[in-house]
Amino acid sequence: MSSKRVAVFRKEHFNAAHRLHNPNWTEEKNQEVFGKCNNPNYHGHNYEIIVQVIGEVNPDTGYVMDTKELSTLVKTEILDKFDHKNLNTDTEEFKNLNPSAENIVMVIYDKLRNKLNDTLTLKIRLYETERNFVEYPVD
Amino acid sequence: MSSKRVAVFRKEHFNAAHRLHNPNWTEEKNQEVFGKCNNPNYHGHNYEIIVQVIGEVNPDTGYVMDTKELSTLVKTEILDKFDHKNLNTDTEEFKNLNPSAENIVMVIYDKLRNKLNDTLTLKIRLYETERNFVEYPVD
Amino acid sequence: MSSKRVAVFRKEHFNAAHRLHNPNWTEEKNQEVFGKCNNPNYHGHNYEIIVQVIGEVNPDTGYVMDTKELSTLVKTEILDKFDHKNLNTDTEEFKNLNPSAENIVMVIYDKLRNKLNDTLTLKIRLYETERNFVEYPVD
Amino acid sequence: MSSKRVAVFRKEHFNAAHRLHNPNWTEEKNQEVFGKCNNPNYHGHNYEIIVQVIGEVNPDTGYVMDTKELSTLVKTEILDKFDHKNLNTDTEEFKNLNPSAENIVMVIYDKLRNKLNDTLTLKIRLYETERNFVEYPVD
Amino acid sequence: MSSKRVAVFRKEHFNAAHRLHNPNWTEEKNQEVFGKCNNPNYHGHNYEIIVQVIGEVNPDTGYVMDTKELSTLVKTEILDKFDHKNLNTDTEEFKNLNPSAENIVMVIYDKLRNKLNDTLTLKIRLYETERNFVEYPVD
Amino acid sequence: MSSKRVAVFRKEHFNAAHRLHNPNWTEEKNQEVFGKCNNPNYHGHNYEIIVQVIGEVNPDTGYVMDTKELSTLVKTEILDKFDHKNLNTDTEEFKNLNPSAENIVMVIYDKLRNKLNDTLTLKIRLYETERNFVEYPVD
């Protein structure tokens, strides 16, 4: 079974404050488009991340990738930067990028993509709430 | 990041009664194939819908589509028609179509597909129970 | 540890159609009070039951009560009567009793109470949806 | 069954930013006690509220209390004030009260207690995350 | 609000193998009573623990007890001993005590009770599966 | 709607003990790679399986496949072999194959693939814990 490709998933989470805002728009336009999410004093979420890594199963370990290593990678690259932070003010990534779920999931993808072997396929799902979530990239 | 495609998901739910039945079959045949689901007095479910919309992220908003708009669309097109209804007797859609999960998910897809911009890709997942669910279309 | 009391819980589910209705009221009054839940053609739910039994732990088995026996009891007394049924028309219990969550949970309690040893304390939680649920009796 | 008491539960949620902080302490002491939760720029949560109301079942309705009314009450008294807000800066309640889960659940209780009939018993459970939650009052 | 009592909950989990067995019984009796759970080669579970601590809220912190401390206590006293272990063969606690959910929850209670201040009330809920769980002590 | 393809999902679960181990490695190497999962006395999990079957909807039934039949197939082919078992010692499949989640999901796929009509597409997702899961095959 050594040449078969399997998807491995690891779920992690972080808590953060954020605000949706476009600095090129008036306050009225921001309020109209983003509504409650534009609150200048921020609101927040319990974000859940599901990291999917696809690769061949190593016949010696039976692993595509050790999920403990994957968990450590997510902690180092993502949770240490975003957990218990204000995304707009405390992070370089969202100083000039609106922290919508769509933009957050692409930033997380780019950070983890840089750290994974090219033979592995990566996809990220991000839950902002139980009812609103995003996934990137798409097939 | 303006040209990247992201999947956005919104979860909604409705409660309905239904009955599985093929009018071209005898009662015995209906009972044999559909079992308890053929009960002439109906049974019911808490249906969960997950609507997936794939599209490019608008660089001004950071959105593929505002999930509040997506939620409103599902409410108008689906929940207002099916919530707290008897699918077999109270809806035009299932007067002549067996309300199996497979048929319901295709009906929901067609209704929402008509209302979305052609640049957006749509997929629907429908949970009839926590253990039985369907998805349409398939890749 | 033989004389200590422990609570044991078993979760089961059934799917049913129902309608809220008071036959002593006018249609207008029923519609005003019960709204969508008064639909004459019924709607339905995936009901989840959590049965709690409190008793002393048997030192020979380490059990308060075998959960397989508890599961069988719930199947025989509750699920076989209510699953895939129309509560209003297919059951004796709700022919003359409005099948609100409150009334259903009391009926389930009475049925199981009759079958359990008096040394065991019983409590029932019933989920009508993930967001609406009831419990009986209260301390 | 008119004189029996039943517990009715309704689940709601809100998203908010907050920061744990004691203004009578030094920055070092605040950091030592509250750690990441003391971030001066705030972090946030998806808070889940479960409101429990115990009372007698009205024989005319089969209800202890209409869960639609209970939901509306929670929206008016709690969600409209706290949802998509910064608890520390946008609310009167937490201007001078540290918004720990314990303090939030007691504030929510007091607000709803004022609006409910004295014959009804009230208890609130508040989830800050899936793994950290609180309940008030205790028996 | 300094003299009010609030319940604080912390959820943790561990994975373990176990086998239900009474050494004073014949193999036939063990098989008859415990069925599949008596498999001499063991089976296993993802156990979820919910630790409930009731106490007065400290007016300086807004905490009954820091949930980080509570989490650390559960890790040291419970998870380090039981996680990824065979309860029957790898632990002193279940060498001579049948590891039923009832017995496990009482053992966990005793271990944590010894480490908590007497002013705090403790209760443990243990999920063996999503459908089978226990709680100790009972009111 | 008879020629459209829909995905149907059925969720099942089993509880089992296992141990990760490579017999060609030293004890030290096994311990280094598999850590706690290498415990010679085993640990265990509540495994959740989600079976996905894609096919055309039969216009007579509205079904891709009766989920009761799918459930029965999973019980016969998978649960009867693995539930309440020690995967390493009680099953032929893992006597010489390390029971990692990746290897288990491929074994489950092969067993069910043999029993399904070639016109149906099959995919399996296996949860080892809520935070670690795998899927096979990948597109």
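Just so it is clear, A, B, C, D, E and F label the chains in written order, and each chain counts residues from 1 on its own.
One rule holds for everything that comes next: contacts are C-beta pairs under 8 Å (C-beta built on N, C-alpha and C of every residue); 3 or more make two chains touch, one makes a residue touch a chain.
Quick caveat, the model's predicted, so the values are computed rather than measured.
Undergrad: Would you mind checking which chain's C-alpha centre is most distant from the centre of subunit F?
TA: It is D.
Undergrad: Among the listed pairs B-C, E-F or A-B, choose the one whose interface is a repeat of C-D, with over half of the contact pairs the same by residue number.
TA: The same interface as C-D is formed by A-B.
Undergrad: What's the rotation, in steps of 5°, that superposes subunit B's Cα atoms on subunit E?
TA: 180
Undergrad: Where the CA atoms of subunit A average out and where those of subunit F average out, how many Å apart are those spots?
TA: For subunit A versus subunit F, the centre distance works out to 28 Å.
Undergrad: Measure off the straight-line distance from the CA centroid of subunit D to the CA centroid of subunit F, and report it in whole Å.
TA: Distance between chain centres: 41 Å.
Undergrad: Provide the list of subunit F residues touching at least two other chains, using ranges where the numbers run on.
TA: 130, 139
Undergrad: Go through the chains and record each pair that touches.
TA: A-B, A-D, A-F, B-C, B-F, C-D, C-E, D-E, E-F
Undergrad: Subunit C touches which residues of subunit E in the complex?
TA: 20, 22, 24-25, 33-35, 97-103, 105-106, 130-139
Undergrad: In the complex of these two chains, what residues of subunit E are touching subunit D?
TA: On the subunit E side, the touching residues are 1, 4-12, 54, 57, 60-64, 66-68, 121, 139.
Undergrad: Can you name the residues of subunit F that touch subunit E in the complex?
TA: Touch residues, subunit F against subunit E: 13, 15-18, 36-37, 39, 41-46, 83-86, 89-90, 129-130.
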